[in-house]
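Chain lettering (A, B, C and D) follows the sequence in which the chains are written, and residue indices restart at 1 in each chain.
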Amino acid sequence: MAQFMSLGDAVAALVRDGDTVAVEGFTHLIPHAAAHEVIRQGRRDLTLVRMTPDIVYDQMIGMGCAAKLVFSWGGNPGVGSLHRFRDAVQNGWPRPLAIEEHAHAAMANAYAAGAAGLPFAMFRGYLGVDLPAVNPNIRRVTCPFTGEALAAVPALRPDVAIVHALKADRAGNVLIEGILGVQKEVVLAASRALVTVEEIVDDLGPRSPNAVVLPGWTIAAIALVPGGAHPSYAHGYYRRDNAFYLGWDDIARDRASFTAWMKTNVLEAGPDAFAAHRRRLAVAA
Amino acid sequence: MTSADTTLAYTATEMMTVVSARALTSADVCFVGIGLPSAACNLARLTHAPDITLIYESGTIATRPSVLPLSIGDGELCDTALTTVSVPEMFRYWLQGGRITVGFLPGAQIDRFANLNTTVIGPYDRPITRLPGSGGAPEIMTHCGEIFVTMPQSRRSFVDKLDFVTTFGHGQGGDHRARLGIRTKGPTRLITDLCVFEPDPETKEMTVTSIHPGIDRDQIRDATGWPVRFAERVAETAPPTDVELETLRDLHARTRRAHAADT
Amino acid sequence: MAQFMSLGDAVAALVRDGDTVAVEGFTHLIPHAAAHEVIRQGRRDLTLVRMTPDIVYDQMIGMGCAAKLVFSWGGNPGVGSLHRFRDAVQNGWPRPLAIEEHAHAAMANAYAAGAAGLPFAMFRGYLGVDLPAVNPNIRRVTCPFTGEALAAVPALRPDVAIVHALKADRAGNVLIEGILGVQKEVVLAASRALVTVEEIVDDLGPRSPNAVVLPGWTIAAIALVPGGAHPSYAHGYYRRDNAFYLGWDDIARDRASFTAWMKTNVLEAGPDAFAAHRRRLAVAA
Amino acid sequence: MTSADTTLAYTATEMMTVVSARALTSADVCFVGIGLPSAACNLARLTHAPDITLIYESGTIATRPSVLPLSIGDGELCDTALTTVSVPEMFRYWLQGGRITVGFLPGAQIDRFANLNTTVIGPYDRPITRLPGSGGAPEIMTHCGEIFVTMPQSRRSFVDKLDFVTTFGHGQGGDHRARLGIRTKGPTRLITDLCVFEPDPETKEMTVTSIHPGIDRDQIRDATGWPVRFAERVAETAPPTDVELETLRDLHARTRRAHAADT
């Protein structure tokens, strides 16, 4: 059953050095505040899993949290490269980063397989490409009816899933709307799930009978962090801060400017700093 | 289109965008990528293909953004969509399910058979430049009815041999796709800032079929890392019409205003 | 792109003798009116596919439409047996009925595999049971990572899917809410989909961004049939006619009473008869 | 419970329902079948287990029906649910995903190892009686943390050998489940109108551990098609309390009124 905690307590309780951690959110609902807390608490040797390592993983990798990255697309969406990710892969700074690389279809299916309690995911893909030659976790399985060889990858079962969502009720049931990404799958696939939310309400209120709700008993901890997805966004709350994504290119390009930015905005800040983003953007909306 | 339709000057990127847009119809269900493909698809929707169905890999189906998204999952895409599904569902039921008629893909490198590299420059284990990786591209290339590749042309990116095959286009050419059991057409157009390539019906080598106004064959040869083949009949690409240009520029201007207001 | 048609025209256009037809709806949204139309048009030699062949298939089987049934649970839900189904299997009346029998998990996964364009579905199941010994379409596939043997069944790809839904807009986009069953999967898995709806509206109106909507281009034909799910129900329109399900037991128990009921209520009736159910129940609600 | 809690007469079905309800707790996530299991689960929710999570295979999660459904997918279940998911998702993420603590199953036939037959009486190809078939049962039995089987007892249904193994309980007993790679407990209780069976810790044969008030061992033997084993210590089942009975009867009365109003 979900425990309501401060973000600091939740990260301390759920995320351990060496864990496999999936911080998810497909453009929408990326839990930046929670990732910052992991950085502040100095977690090390994490295997970070994420379809689209963008700014949030550029920060975690650049701060030395990660020993390995499992991913399918690493870039700053609509802007360009991730300089910290590149620096880690190309130059081993601040530490070497092992990578396990997939395509989106593989990762999406692997999370779904994890949520479904299956040992592997099967799909039609990886035909004629070089990735299977460099990733031993891409194999083939043969259809027992047609003989077709299909792609197989291991299910993703992270130790910890970290996601942001819109709101939770007092029983810890969590509502997600808008772009869903793999939020539901990663929570159900993980051993422990940490969810940050924009607000906690008495009742989730009128909604579609088929609304995407994660029951409280699928979640380990919920932390209230208004604005906690910034510079990503929360449907119905605030919009994506596209200017921040554009600006990140300059901040992250250089080790020194990156480190200075992280010191000021992460190491010496706290989750409350995110509330400002919520307010500012809510006014503008 | 007659020359009377075109009175405005235009950039090479506008030319690429307009040519890409023209290849789409209202009957298409299009898997849209960010950047030029997104501009092209929405230009088509706002001009000759009002009923085109646009799908972004973030799960938004039949979206009608009034401004262009910066990312594949901006809120604008969800707000204006018919519905939004999860990413696993998008890849399973919609893409792998064979419901997309056309997809757009870019590449950091391309070869003569329109295979693409977006993974790495240099050796995989010791990269000179680490690129973003596969994303949805390998399966977009396999599952969409056909693929339009859009890339500005240069010897750095149009290469004789890819450093890494991220995405399988026509492979080694000929019936290579069919031999792998792939039933879709693969890359049917390669739209650059200089010209349009289409695959040779037999060899599948990408072959120039239309050259943009003011471009000559040597410019194309100079920007290509393999000996370029030209089709028997090469057309001159019709320049962007004023309607196309004005619609595209309005779209970009709206986008700039909206993004500025967000900050 | 979805064509708007009368139910008679839609069935005539889409359903052919010998087709594999899946009439779906998991308790909710069962397209009884459309099934009646198939019976009236005298379709024969159908392979009928349905997770829960209940009254709707008792009627089609009893009227001789089916040569084969693919299913996972054949009963009158909450009431008891399907007498026409039993009579066909046990006594070959009115004609012999071949069966291909599965469990729910297999059928649900097989529809999903069909929707996903896969040749087969894979799941953990059928362990220690007798069904694989009598159904050659239940096989095993081995996980290439763990060596675990998992159950495999062929994807379901019916020629025709027939479902009922809440409403369609003028562009043929169809909204489903409430108990979803496999409605979306069967439409996407089938070559041709026929959807009956309670109403046709200019616009689907305010709804969840994640509402279950089938785009018009995934559907072949839409027919307006208010009340068309009766005695099943349509969420927000009318309720399940539980008394009808209870009463069906007596009607169907005897070949003569069944045949008489079908003559009066199906052969000599038409889709308009269903509108009465809608009105009656809407008033009572 | 003391005898002072019980002043009302009760039926054998009420006894079964109450015993089934008592086995549930607020911490359970329960996969509910129609009929007696549904009554038992909602009785538990309305008495000692207010926070129990009820899931029906139609996709309704955390539903709180005020009246009992006739079918597994009555509108009442959806109207009062936290959310409703598709049937493929229910079987994949929720059941196979291992998120259900307890499931209820009935059978037309059961054997001493609580294997169940709901497929056919007589040979499969030439049935004497064709039964409904598997439904969700085989995978419910595999994936739920544990299973309660509820069946009224008779020699016709409690048989020495099943005509067909629809659902694997403890198989041939002992470690048979583990040998098939099944990690859940399987049938931990068999609740009848006469008594409660539990699996022997070693052999897994279903063994009588509690006998309902007024029933003797010979009645149980007479209603069972195999030589019944009794545990070393056999309890007497506590009779339904007045609170349990009144709550259950209110639930049934509400259900009857609601269904009558629908017609």
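What we mean here is this: a residue touches a chain if its C-beta (ideal position, glycine included) is under 8 Å from a C-beta of that chain, and two chains touch if they have at least 3 such contacts.
Per UniProt, the chains are A, C = CoA transferase subunit A; B, D = CoA-transferase subunit beta.
Fair warning: this is a prediction, and the values are worked out from it, not measured in the lab.
Colleague: Tell me, which chains sit next to both chain A and chain D?
Modeller: Under the touch definition, chain A and chain D have C as mutual neighbours.
Colleague: Report the inter-centroid distance (CA atoms only) between chain A and chain B in whole Å.
Modeller: A distance of 28 Å separates the two centres.
Colleague: What is the distance, in whole Å, between the centres of chain A and chain C, each centre taken as the mean of its C-alpha atoms?
Modeller: Going by mean C-alpha positions, chain A sits 39 Å from chain C.
Colleague: Could you put a whole-Å number on the gap between the CA centroids of chain B and chain D?
Modeller: Roughly 57 Å separates the two chain centres.
Colleague: Mark out which residues of chain C touch at least two other chains, giving numbers and ranges.
Modeller: Residue numbers touching two or more other chains: 112, 116-118, 123-124, 148, 178, 180, 184-185, 209-212, 235.
Colleague: Which chain D residues sit where two or more other chains touch them?
Modeller: Where chain D meets two or more other chains at a single residue, that happens at 78, 84-85, 92, 96, 143.
Colleague: If every chain is a node and every touching pair an edge, decide which shape results: line, ring, star, complete or other.
Modeller: Topology of the interface graph: other, matching no listed pattern.
Colleague: Which part of chain A faces chain B closely enough to touch in the complex?
Modeller: 26-28, 51-52, 71-75, 77-79, 81-82, 85-86, 89-90, 101-105, 108-109, 111-112, 123-131, 134, 148, 178-182, 184-185, 233, 235, 239-243, 245-246, 281, 284
Colleague: Show me the residue ranges of chain D that touch chain A in the complex, using the header's touch definition.
Modeller: 29, 53, 61-62, 78-79, 81-85, 92-93, 96-99, 143
Colleague: Once bound in the complex, which stretches of chain C touch chain A?
Modeller: So the residues of chain C touching chain A come out as 116-120, 122-124, 137, 139-146, 148, 150, 152, 154, 177-178, 180, 207-212, 235.
Colleague: Of all residues in chain B, which touch chain A in the complex?
Modeller: Spelled out, the residues of chain B in touch with chain A are 34-35, 57-60, 69-75, 77-78, 84-88, 90-92, 95-96, 119, 124-125, 127-139, 142-143, 164-168, 171, 176-177, 180-182, 259, 261-263.
Colleague: Using the touch definition up top, name the residues of chain A that touch chain D in the complex.
Modeller: Listed in rising order, the residues of chain A that touch chain D are 112, 115-118, 173, 184-185, 188, 209-213, 215, 217-218.
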